[in-house]
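What follows is a set of structures for review.
There are two complexes below, and they share chain A, which is joined by chain B in the first and by chain C in the second.
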Partner chain A sequence: MLLAQAITQMAPPQCLRCLRNSLQLVEHRSLIQPPTRAAFSTTSLLSAKAAQPRKTAGTSNKSKTLRLSKNIRQTAGKPPARGERKAVRKRIVLSNTNALEVDGLQDLTADKLARHSEGTVALQTFTGQVLGFSDETVDALRALESFKPTQAWSLFRRPASLVRKETAALANDMADTETDTSKVARKMVFGEKGSGKSVLLLQAHAMAFVKDWIVVHFPEGQDLTIAHSAYEPLRTPNGRIYVQPQYTAKLLLSIANANQALLSSLQLSRDHQLPFSVQSNMSLFRFAELGGRDPTIAWPIWQALWAELLTPATKAVQRPPVLVTMDGADQVMRVSAYLDPEAKPVHAHDLALVRDFANLLSGRTQLPNGGMVLAATCASNRAASPTLDYCLSRTYIKQEKASNAWHLLPLRGPSWDPYQLKDARVESAVMNVSALKLQGLSKDEARGVLEYYAKSGVLMNAVTDGFVSEKWSLAGHGVIGELEKGTVRMRF
Partner chain B sequence: MEPHLLCTGFRRAVVCNYNPAKRRILFHSRRGYATPTETSSGSQDPVRAAAPIRFSSNANQFAVNRAEFVDDAENSVGSRPGQSSRIPLLERIRILPASPSYFTGTPRFTDDFLALRALERKYQLLPTLPLAEAPRVAWKTLEQYRTELGEPVRLKRYSSLLTLLKKLNSIHPSLFPVEVERALARYKRVVQPHLNQPKPVVVDELGRARAVGRRKACHAEVYLVEGEGQCLINGKTLTEYFGRLHDRESAMWPLKATARLDKYNVWSTVRGGGTTGQAEAITLGLAKALLVHEPALKPALRKAGCVTRDIREKERKKPGRIKARKMPTWVKR
Partner chain C sequence: MPPRITPLVLRPRLASTALRAGPGPFRHIASKNNPDKLPEAPKGQPGPNTQQQEHVSEEAAKMAKIQGQEGPDMNQGTPVQDIMKEEKKQRDQAPEVLQQQMNSKQQSSNTKPSTNPGGSRSFSTSIRRRLELQPSTSPSDFNPAMLSSLGGANLSAGSSLDTPTATSNQLSHKFPLPAMDSIVNKAERYDPVVVQLTNFMMRDGKKSVAQRNMSVILNTLRTSPAPTYSATRALLPGAPPASYLPLHPIAYLTLAVDSVAPLMRIRSQRGAAGGGVALQIPVPLGLRQRRRTAFMWILDAVNKRQNRGSGRDMFPTRVANEIIAVVEGRSGVWERRMAVHRLATTSRANLNFRQGGGGRR
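Up next is the complex of A and B:
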């Protein structure tokens, strides 16, 4: 009796049916303006007023220690405001006015990506040189969140990157798919920490932007799976999947902003079954932006947008190739941190966005207008995904044996532990994806990047053969991140 | 008469059989360096040392003149029973010590010293090597020498003896006298560590030089081949194995200090200890392997501090302490 009373007294002020609506309101608002209260709290803000510390009559507030000048702690102004430190930590600075302007630094332009008559792209001749990015490209890359705070963009006058062998190979693949749309390169980029995986994705973004491709980039696989954004179940004929409305909206907005010029020139080609009415000749930019502004309709718009992008191009309807990339893709090749109604962990491939990406990566979803799908693993925040590791190394060894470099490899490929369960969904997603292993730079490439450092005035040493090979050796056969750490970041 | 003669003859025979060589050396050495060689005055007989006393079960042994025991050639050849009475009285009754250094307090040491001095003087004209190039010998320690002699030899004296020994040892090996060699053998330790020469390391048929380096609790095995500056440690690259730039630099330091980083490839296995120790164990192994390829780099490598093994190891923990030295926090009660 007493217990029942207590329960009725403890009942929340809002009914549970209204809870979902209120949550949606909170989440919607949180996307547009900074949150003022925790999203999960349904109580009013007034009740959260902190209790004033009570003063007892007998005790005085004065400290009992001797007040000397050395005892008084010096405070330098106010402590940083909430979120300020994180903002500083995550800030991306792309320019350093103290760095020297590099003479003769060329930009990555469309003519460098065009094919020569002999079949190779012009970028091949720029291997080992540093190319800058034009302002429009930088804006697009910023919108895509391609730049990362851990990269050393803030040391140089303007963003520029080294053209390495793999970059030229990617440019070649891009040229291939433009001539023959059935040749879609699907690659998984992996390699040790600091080997330039994220920057290779960035270069792919820049090249695709210059070539007027549509670029879709998932900046961090981890954001999709660590259960930091809201999710809701969705029934499909293939079972239950989970939609992340807020994340989808954010992604749509970044796609719209990054590809603004291109998407503005494209229009909806057909009617989509949407829970709301849209103008039939709406530009894809407006369409994507619409979804980006409203998380409640983000998911249907995402689906419709992809349906548009995957429509084969005709004379009436122009559809460019699409580049889809994901950084930190090892995080989505495992069980996510979300829970289903039975409180069982949700597999990452049950998340709608991840499923879409996995379909593109594995080739289950074809890109009829050509394009490229790239996924990069993360070596510093590595997720335990044994199936992915196994598949990657197996594919890599197979490729290398086919390319006649077998003598550099271990005689036997990886073996699967028979007592461990293989993740069939991950295996099917990654099985037919080619593996692109990023290793150290060659000495010529290392020389190119060191010369760029020296020309920018951040490296004071003379770039000689001995200096280059010394740094190359100490950077573990020219791992570019270590090369940078050893030459530019390190100050004695 | 007859029994007396027989008795004396018998005793002579016994005396002749008794270790004549030793006696002769004693006699010669006495003649050689301790006593004046020429008897200046013909009136007085030369002073001779008494023979060492040998005790036997014969109750009559002290009834005979001690001088008869002296193994003297002239004395023993034409000896007659009446002859003993012709030996001067003084010589018959005075007991002299066997060594002329008897009264120095450390007679055996003094004898040794004088013997070596005599040898040095005898061979002083032979060509010598510089002391640094003389064959290395481990001489007996002062303690060992003292125990052997049973005399309280002082350190300073022993040092001067050692100086003599070293001087004798530096005689050119091609002309080294057998006599000196025999004399020096007494002062050498039984085990000569300098004779243990390490096997010369060579570059094998595949062009590899192998060397082992150790530091703290780490053991590194380094193979060095000519190449273009690659390095694999336990199958990993330098950056994969050592996260710290300092460790990478200290591992490759012998090559960097001699500007050979782009000339060789390093393949190494390392075990035990922590990262710093492993890096420095590789340093030592790498330096040794580099010396196999280029022995002339030794001064440069020594200057870079890569040649000497750092023998410091972790100090053991002691009972009653928290670590090797750290004491527990003082508590009032």
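Up next is the complex of A and C:
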């Protein structure tokens, strides 16, 4: 016993991995306090002492302005702590105790996502109604960062969302892939500002959570590419890629927290080539959390976790379907703000996480257990990505022509400017992805959501046909963000 | 009853000036060439007096037809009394016979209820009388009539869009007409308090920014917990119960602003008190002026508050917090109101001061 203690004490205070840890922590530390000295140094301080201000008679250090009451800046109380101001700005409030409880508000449950005998999903009958989310779902959605601070969750009693036509269609796709795992829907959601793209992703997360799928969500494509997170190069047989250890760790933690119950029931099924040893029967939750706590090992754990999730399910090894989503995906379809050693900009698809997502989206990486891949563009902070725009509109027109709505469309699709270079990597990523365009709600759907506003007590109007028509028209034929703005947010 | 005088009113309106300025022939009143010869229009063009506007009765009949109502009978002409009903100036200048006739009609209509020998009212006023005896000072007595900007007004405006008119059995519009006054007149589209304060907050003419700020203020009021009324700071009499306020943010805002608004301002008349001392004269303020002063004080207090967060919603959040502080009686704005009122009370003797009237009377 004593010997064992002596050995542990004799071990160097910092092993090699811990030393690397300390270096990795520099990024974190710099956020907390300004660096005063190097993290690790044996050299003595050589710089000269700062000159002491000389005190001479007749001069004072005090300010030279006249001390009047109007010149003195008044401050009330302590200034906000570091990080507090941003936390206030990004705070997500999901409840308003003043709002009324809506009578008969049902929750989104697994039985509503089951298939009828006629072949349609039960959710189809709820189109135009508002469904709430259970507490566990809300916790998962919070962990995934599905809620955004710009959305109006804080005005209502509890989170709830409108089931629209597209939501029911997604539920249908999910039911499809559960019966036939080769049918994996891969979609790019686009539409104008306020048309409900992010909320559609949120609904997909909620449905997947209720169905016991694994949900992986990249909350904002911009965070991956604007070079606010550390990166390091990694040599692969296909060339050099860049890993973002801190971001990967954060993502792993969010995956672990959001899917805690499900991942805890799954275990590692095979040996992985990892730079450290893990228990062979470790639960996937613990495994993901391990990577989430330590950015240095986050990347190998991310790879191993995906290898586990993409293992075909057998009787011995249970593997659920996976939902992978990214919001603001237009930001990763272009050159990123990172620089390579030659100071050339790094293409976003050279970032390891983005590359993995693009492979899933394009179908180069198959999901053997079924699932769904969704990417949503962002209309308020749109990145210039001409190739993406071109591919999206081309796919959309092709789809519509295949359906019966061809006569409503322009005869010719978009044309590519021959003097501009097409981004081949982006094109290959989104070429075979179907385009889901979100447009305005129908009047029935608009009526459903307006009735929900009125029942919550935030809309003080009688919801009649004329009122619904008026608001629907003013909201650009039922664009839901504008509908909300016109009836709840900006209504004086 | 005297026989009804129904002269035919034919009052053609003047042809519009646009027609006169047109290319047609025009003879000025002072023109000397060919004074006997009246101008003639060239062939195919309208003459100076051919395109005249319609006569009032015809116009009224057309308007009534559009609106699905019964207009004036064009075969009979409009009685002069009906036209005088609308125009007060003409009523005063009417011949004595007509005036007498109209007065007798009014009297008969006024005295109509008294002719009923039963003497019972069709409605009960006992509750109203009791309320008048007990003036409500506690804020829990809610009188929705006090705040015209409550949701009730909105409700009626919204529902009037769609409720079919009372004469639904008559032949009328297929779809009921919207409440036009709330749509057409932009000055009455929004609540007056909200409009005034939004404009007051506006900087550099950026109204949309001010409107956005106002919406954040109202939404902050909506989401913050119901205020606790202070025992020492009396709000407007007839204020609604505190739990009512968060769901009616405009009423919340109106209550705060109107409660803290001063009744007077102090005008300093230089040299009027003698010895170079200014004379403090209280001057009563109008409703808009009172609200403006109150909101100016509130914004002064807001500027002294510190932000706890960052971003563009910080200013309206501070305003909302100050409004909550006003309703809860914590705000320093109350002190300013008290100070003005105290000074106005002490200087009330100066109210009779007249400038240029030989000093104080």
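Rule of thumb we're sticking to: the second predicted complex is superposed on the first by the 413 of 492 C-alpha atoms of A that agree within 3 Å, B and C clash if a C-alpha of one lies under 4 Å from a C-alpha of the other, contacts with A are read in each partner's own complex, and residues count from 1 in each chain.
One rule holds in what follows: contacts are C-beta pairs under 8 Å (C-beta built on N, C-alpha and C of every residue); 3 or more make two chains touch, one makes a residue touch a chain.
As the structure is a computational prediction, the values presented were derived from the model and not from experiment.
Engineer: So, does A:A462 touch the first partner chain B, the second partner chain C, both, or neither?
Structural biologist: A:A462: touches chain C, not chain B.
Engineer: Look at A:G194 in the shared chain and tell me whether it touches chain B only, chain C only, both, or neither; answer first, second, both or neither.
Structural biologist: first
Engineer: Output check: A:N98 vs chain B and chain C. Expected answer is one of first, second, both, neither. What do you get?
Structural biologist: After superposition on chain A, A:N98 lies in contact with chain C alone.
Engineer: Could you tell me if A:P80 is touching chain B, chain C, both of them or neither one (first, second, both, neither)?
Structural biologist: second
Engineer: Of the partners chain B and chain C, which touch A:G119 in the superposed model: first, second, both, neither?
Structural biologist: neither
Engineer: Should A:P275 be classified as contacting the first partner (chain B), the second (chain C), both, or neither?
Structural biologist: neither
Engineer: In the superposed arrangement, which partner chain does A:S154 touch: chain B (first), chain C (second), both, or neither?
Structural biologist: A:S154 sits against chain C, while chain B stays out of touch.
Engineer: Between chain B (first) and chain C (second), which does A:W472 come into contact with in this model arrangement: first, second, both, or neither?
Structural biologist: Only chain B; A:W472 stays clear of chain C.
Engineer: Among the partners chain B and chain C, which is in contact with a greater number of residues of chain A?
Structural biologist: Counting residues of chain A touched by each partner, the higher count goes to C.
Engineer: Looking at the overlay, does A:G239 come into contact with chain B only (first), chain C only (second), both, or neither?
Structural biologist: neither
Engineer: List the residues of chain A that touch chain B in one complex and chain C in the other.
Structural biologist: Chain A residues touching both partners: 465-466, 470, 490.
Engineer: Given the complex with chain C, which residues does chain A contribute to the contact?
Structural biologist: Contacts found on chain A: 74-77, 79-80, 84-89, 93, 96-100, 154-155, 457-458, 460-462, 464-467, 470, 489-490, 492.
Engineer: Which stretch or stretches of chain C touch chain A in the complex?
Structural biologist: Those in contact with chain A are residues 151, 154-155, 158-159, 161-162, 175-176, 178, 190-191, 194-195, 198, 211-212, 214-215, 218-219, 222-226, 246-248, 250, 304-311, 313.
Engineer: Help me check something: in the complex, which residues belonging to chain A touch chain B?
Structural biologist: By the definition above, chain A touches chain B via 192-194, 440, 443, 465-466, 469-470, 472-477, 479, 482, 485-486, 490.
Engineer: Given the complex with chain A, which residues does chain B contribute to the contact?
Structural biologist: It is residues 228-231, 237-240, 245, 248-249, 252, 255-256, 259, 261-262 of chain B that touch chain A.
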